[in-house]
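Listed next: structures, encoded as C-alpha cells.
What follows is chain A paired twice: with chain B in the first complex and chain C in the second.
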Partner chain A sequence: MMIIIRRLAGHLARGFVMILVVATISFFIINNIPGDPMAARYEKLIEGGMAPEAAAQAVKVLYGFQPTGTLWQQYSDFMGGLLHFDLGVSVSRPGTPVLDVLTEAAKWTVLPVLVGTLLSFLVGVVLGVYAAIKRTGKLGDALAISGSLLHGIPQYVLALLLVVIFATLIPILPADGPVDILFDPGFNAGYIGSLVEHAVLPVVTYALSAYGGWVLAMKSSVVTVLGDDFILAAELRGMKRSIVFRYIARNAILPLFTILALSLGLLLGGAVFIEKIFNYPGLGLLLIDSVNDRDYALMGGAFLLITASIIVANIVADLFYTVIDPRVRSGEDAT
Partner chain B sequence: MSDTLIPETGMSTSATMRRNFWLGVWRVMKRKPSRMAGVVIIVGFAFMGVFGPMFFPDHLPDNPNAITQPPSWAHWFGTDPQGRDVVALVITGSRYVLLSAAVTALITVVFGTSLGLFSGFKRGRWDTVLMRITDMKLTIPGLPLLLVLATVWKFGSPIQMGLVLGLLGWGGVARAVRAQTLSLRERGFIEAARGLGLSTKHIISKELLPSMAPYIAMNMLIAVTGAVYAQVGLFFLGVLPYESDNWGVMLNLAVFQAGAMITTNALGYLLAPLLAILLLTLGIVLVVDAMDEIFNPRLREE
Partner chain C sequence: MADQAPGVRIDGLTVVYKTPAGELPAVRGISLTLEPGTITGIVGESGSGKSTLALSLLNAVQPPGRIAAGSVEIDGLGDVVGFAGEQLRKARGAHIGYVFQAAQNSLNPLKTVGKQLLDLGRSHGVADLRGLVREARELLGRMGLDGARVLDSHQHELSGGMRQRVGIMLALVLNAHLVVLDEPTTALDMITQANILKIVREVHAERGLTTLVITHDIGVVAEVADRLAVMYGGRLVEQGPTREVLGSPRHPYTRGLIRAIPRLVGDIDEARALPGRPPTLVTVPKEGCVFRERCELRMDVCDTVDPSVVADGSRIVACHAVTVKEHAS
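And now, the complex of A and B:
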C-alpha cells in the first residue's frame, strides 16, 4: 500500500509540473504573438475613451493577465487565474467564459470517441489472438496486414474515404454535423435518431483507425506469452486446448488494459481530424477554430484541457498496473 | 556465427558477417514478394520527390478552359479549380512532403539514438533526468501542440517543417533505443567486450550500434510516416497559409473549396493525394514488416 501511495504522490507531482509546463507554453505563445493583439486591444480601448485602468482590467478579463507590467507580473497573474479555473473569456464567442465553451464542446467529443474506442478494443483483441495463433497461415497474415494497414493509414485519409464512399458516391449516411437541424433538441425519437445516424460515420472512422493498433498489440503480446515456459508446461501436462487458450489470453491482455487507459486519455484530443471532416462541434474542431480565429484564451484552454486529460490517464494507467501486477506492487521498478 | 571455423584477419571476418547479414536480409525479402514491392514503392517515391518536379515548370500553368474536370485520358485524375492537372500537382507537391519527412527522419534518428544510447549506457542520474524529460515530451499531445504552434510559426519551407516535427518527435526513438541498449548491455558479447578492455567508443560504435541498426531504421520509418501524416494533416486542416503546393493543401482545397464531398467532378482531385498517401503507407508497412522479421527472431517462421 505504501508503495502505491508513494507512486501516486510522484505521479501527482510530475503531473503538476507538466501542467505548469503546458500552461507556460500557452502563456508565452499568447504573449509573443506577432502583432500583439493584447496591446492592440488595449490601445483601442483607450482610444475609445476608456481610462487606462479600466482598459487594462478589460484586457485582463479577456486574456487572463494585464497588458502592462513586467513579464513576471503577467505570468503570475495568468497562473493565478488558472488556479481558480479562470481561463479567460472567448473572443470569438463574446462574453462566454472559456470554461463554459470547453465543457459544451467536450460533450460532443467524449461520447463518439468512447464508443469508437471500446468497439475497436473488443474486436481488435479478439482478432489479435487469432492473428497470433494462426500467424503462419493465410488468415493470420491477412489479419496482421490489415491491422498494420489500418494502423498505418492516417485518420483523415480513412475519414475522407468513408465520406466519399458512404456520403458522396452512395449517399446513405450523413456527414454534415452532429444532428439534423430540422429536429427540436430534446428527448424525441426524431432528434435521437438523427443524432445516432450522424454519429455512425465518425464512430466507425474512429473504430477503424484504432482497430489496427489493438490487433497488432494483442498479436505481439500473445506471441510473447506463447513462448513462455508455463505455456509449454501446460501443453506438456496435456491440458485441454481451451484451458491453455485461457491462460494465454489472460496473461496477454494485461498490457493492453494499460494501453486502453492511456488511449482513453487521448480521447479529448484524438478526434481533431474526424471532427473537422464531419463538422462535429467537439474539442478538436474548437481547437482548430480558435487557432483560425486567433482566439488565444480559448486555444490555450483547449490545449490545457487536452493535455490534462492525458496526464490523468497516465496516472490511472500506472496505478492500474500497480494494482494488477504483483511484480510492480512489491517495489520492483517496472519502467 | 558460422565463420569462427575459418581463422582469418579481423577485416574479412567482419566482411563475412556483413555478407551473412545481407544474405539474411535477402532471404527474408525473398520469402514474401510483397516485401519486395514495399522496397520498390519506397524507392519510387524517393525518385518522384527528387526528380519528379524537374519535369514540370515551377508554377503549373492555369487553364481556364478545364476547371475541375472529372478524370479523362488527358488528365488521369482530372483537374483542380484552376485547371491544373492533378497528377502533376501530386508529383510537384511530393517534394515538400518527402523533403520535410527526410529532415524529420534525420533529426529524430540522430537525436533519439544518441540520447537513448547515452541514457541506457550511462544509466544513473543522467538517465533518470533525461527520461523524465522524454516522458514529459511524450505526454504533450503532438497534433494539438502543432496546432497551437501554427499561430506563431508559418512553416514556409519544408526544412522548417521537418525541423519542428523532428524536434517534437524524437521521444519515441529515444525511449526505444534506451530500452534496447539496456537489454543489450547485459548480453554476453558486450560483457566480453568490456572484459577485453575495449573502449566505450568501440563498444558503442562497433558492438551496440550494428545490432540495433535495423531497430533504429524501423523506428525511423515510423517517424517518417508520422511526419508525413502530421504535415499533410496540418495543411489539410487549413491552419497554415498555402505558401506552397503539397498534398495537404490539395486535400484542403478539394474538400473545402472544390466541394469534392458534394460533386463527383472533383473526386479525382481529392483521391489523388489520398492514394499517394495510401501507397506510401503501404510501402512503409511492408518494409517495416520485413525489418520486423530480420530483427525479431521470435517472429521468424520455422
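And now, the complex of A and C:
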C-alpha cells in the first residue's frame, strides 16, 4: 500500500508540472495566432453598417474589457487563475466562464464516449480471445476479418452509414441531437428515456469503430500468451480448462489496459465527426467552434482539459498495473 | 491407483508432425519399457525426438504433431494414447508428473506459487486443500527451500534452481508415481545441477517413483539413471543398464557420443567430435538406418534396410554392423 501511495504522490507531482508546461506552451501558441477576436467583431459590426465609434463601444460593452496588459502580465494572470481553476471568460459567449462552457459540453462527450469505449473494450476483448483460440477455424477468421474491416472503416463513414440505415431507411432511432426538446430536463422517465434513445446511435458508432482495434490487439496478445511455456505447463499438470482460460485471459489483457486508459484520455478530446453528425454539442465540436470564433480563452481551456485527462489516464493506468501485475509491484521494491 | 511405482510399456510408438512436405515422423516405432521403481535416462541431440517422446507419455504431443501409431501402457491407468478429454486431464498431474526445463517459465507470472498450487488442487478435486499446502511445504522443505516463503512468492522472485524445485514439487504434490523430467538441469549452474540431480535421486527413492529423465547430457544420465536409452533421428538406437552402455557402448552412435566427451585427465585431443550433423525432420532418411550418413561402420545394407532391434540380455541395439559382428563371432 505504501508503494502505491508513494507512486501516486510522484505521479501527481509530475502530472502537475506537465500540466503547467502544457498550459504555458498553449498560452503562447494561442497568443501568437494572427488575428484579434475583438478586431474581428469590430469589423463585423462595421460591415453591418455601424459607425466606427458605436462599433468600438459595442465591442467594449460586449466583452467588458480591452486587453491592455503586456504579454507577461497576461501570462501571469492566466497561470494565477489556473491555480484557482479559473480559466477565464469565453470570448465568443460573452459573460460565460470557460469552465462552465467546458463542463456543459463535457456532459455530452464523457457519457457516450465512456459507454461506447467500455462496451467495445468488453466485447472486443472477449471476442479477441475467441478469435485467438479458434484462429485456425472459420469462427476465428470471421472475427479477425470483422475486426480488420471495422478498424479500417473511417468513423465518419460508419456514423453516416448508421444514420442512413437506422434514421432514414428504417427510421427507428433519432439522430438529431442529444435529447428531445419536448421533455423537461430533469430526473423524469420521459427525459431519460429520450436521452438513452438519442445516445444509441452515437454510442454504437463509438463502440463499432473502436471494436476492431480491441479484437485485433487482444487476439495477438492471446496468441502470444498461448505460446508461453506456463500455459502448456498448466495443461500438463492437468489444470481445468476454465482455470487455464483464466490464466490466458489475465496475462493477455495486461498490455491492453494501457491502450484503454490512453484512448479514454484521448476520446475526451471529443470525436468531432460523431458529434457533428449526431449533433451532439460535445467537446469536439466546442473545440472546433472555439477555433473558428478565435475564442482564445475557450481554446486554451479545451486544450488544457484534453491534456489533463490524458495525464490523469496515464496515472490511473500506471497505478492499476501496480495492483494487477506483481512484477511491476516488486520492481518498485527494488529501487 | 496403487500407491506404488507403475511400470510403463511403450510399444511401437510413432509420432508425426504435419509439415508442408506432408506428415513426417519425429519418433518412429519406438519400444521402451520403464520398469517400476527405476530411473530411465533418454539421451539424444536436439531434434532427436526425445522431448516428443516424453510428451507422448502424457499424450500431450502438441499440434501440428500427433501420435500416429503405438501405445503407451501405464500400470493402473491403461493405454494413455486412447485417453481424451477429462480422463486425460485427470491422469496428468495426479498420476503422471511432468517437470519442465528450469529455463522455461512453467509458472503463471501473475500468481503466487501457493495460489497456483491451490488451482492445481481444485483442478483435481482435492478436498483437503490445507493438507495439500502442508504436503507442498514439506516437499519444498525436503528439497532445502523455505516452503512457506516459496509458496508466497511469484515466479520472478525465484532463482532457476528454486523454480526447478518448485516444478518438481508441483509434479509430485498430487502423489504422482510416474515422473517425467524434461532437461531438468539444462540452464542451471554446475552446483545447482548437482543439487537438483541429488534431489531427483533421493526423492525418487523416498517416494517410490518410476522416473524418466530426458537430457542431452550424458553426465546427467550417468549420475542418476539405472537404464539408459539413446535416441537418434527419432529412433532408439541402443538401450541397456547405464553402466554397461557407458562402459561398453555397442552402437556406433553411442560410441561416438562417448568419445566426444573431453576427459578431465589426458590429452584434450583424445575427445573427438562426431562428424556431420544430426538429421532434421525433413532430412531424416525414409528408409535404411537413420545414422548411416555419419557412421564409420556403414555397409550397403544400411542404405536400404532399417536395422532391426536386437535384444541381447538386458542390452538392446539396432545396428546392422553390430548384429553381423555378433553372428560372426
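Structural remarks
In the analysis below, the second predicted complex is superposed on the first by the 268 of 335 C-alpha atoms of A that agree within 3 Å, B and C clash if a C-alpha of one lies under 4 Å from a C-alpha of the other, contacts with A are read in each partner's own complex, and residues count from 1 in each chain.
Please note the rule applied: a residue touches a chain if its C-beta (ideal position, glycine included) is under 8 Å from a C-beta of that chain, and two chains touch if they have at least 3 such contacts.
On a predicted model such as this, the values are computed, not experimentally measured, just so you know.
In the three-chain model built by superposing on chain A, chain B and chain C fit together without any clash. Set against each other, chain B and chain C differ in how many residues of chain A they touch, and the higher count belongs to B. Look at A:148: by the touch rule set out above, it reaches chain B but stays clear of chain C.
In the superposed model, A:307 makes contact with chain B only, not with chain C. The least CA distance from chain B to chain C in the superposed model is 7 Å. Annotation: chain A has no residue touching chain B in one complex and chain C in the other. Those residues of chain A that touch chain C in the complex are listed here as 228-230, 232-241, 243, 247, 250-251, 254, 324-327, 330. For chain A in complex with chain B, the residues that touch the partner chain are 14, 17-18, 21-22, 25-26, 29, 32-34, 135-136, 144-145, 148-149, 152-154, 156-157, 160-161, 163-164, 167-169, 175, 223-224, 227, 266, 269, 272-273, 276-277, 287-288, 291-292, 294, 296, 299-300, 302-303, 306-307, 310-311, 314. Listing the residues of chain C that touch chain A in their complex gives 58, 60, 62, 89-94, 98, 100, 104-112, 119-120, 122-124, 154, 156-157, 167, 170-171. By the touch criterion stated above, chain B contacts chain A in their complex at residues 34, 132, 135-136, 139-141, 143-145, 147-152, 225, 229, 232-233, 236-239, 251, 255, 260-262, 264, 267, 270-271, 274, 277-278, 281-282, 284-285, 288-289, 298-299, 301.
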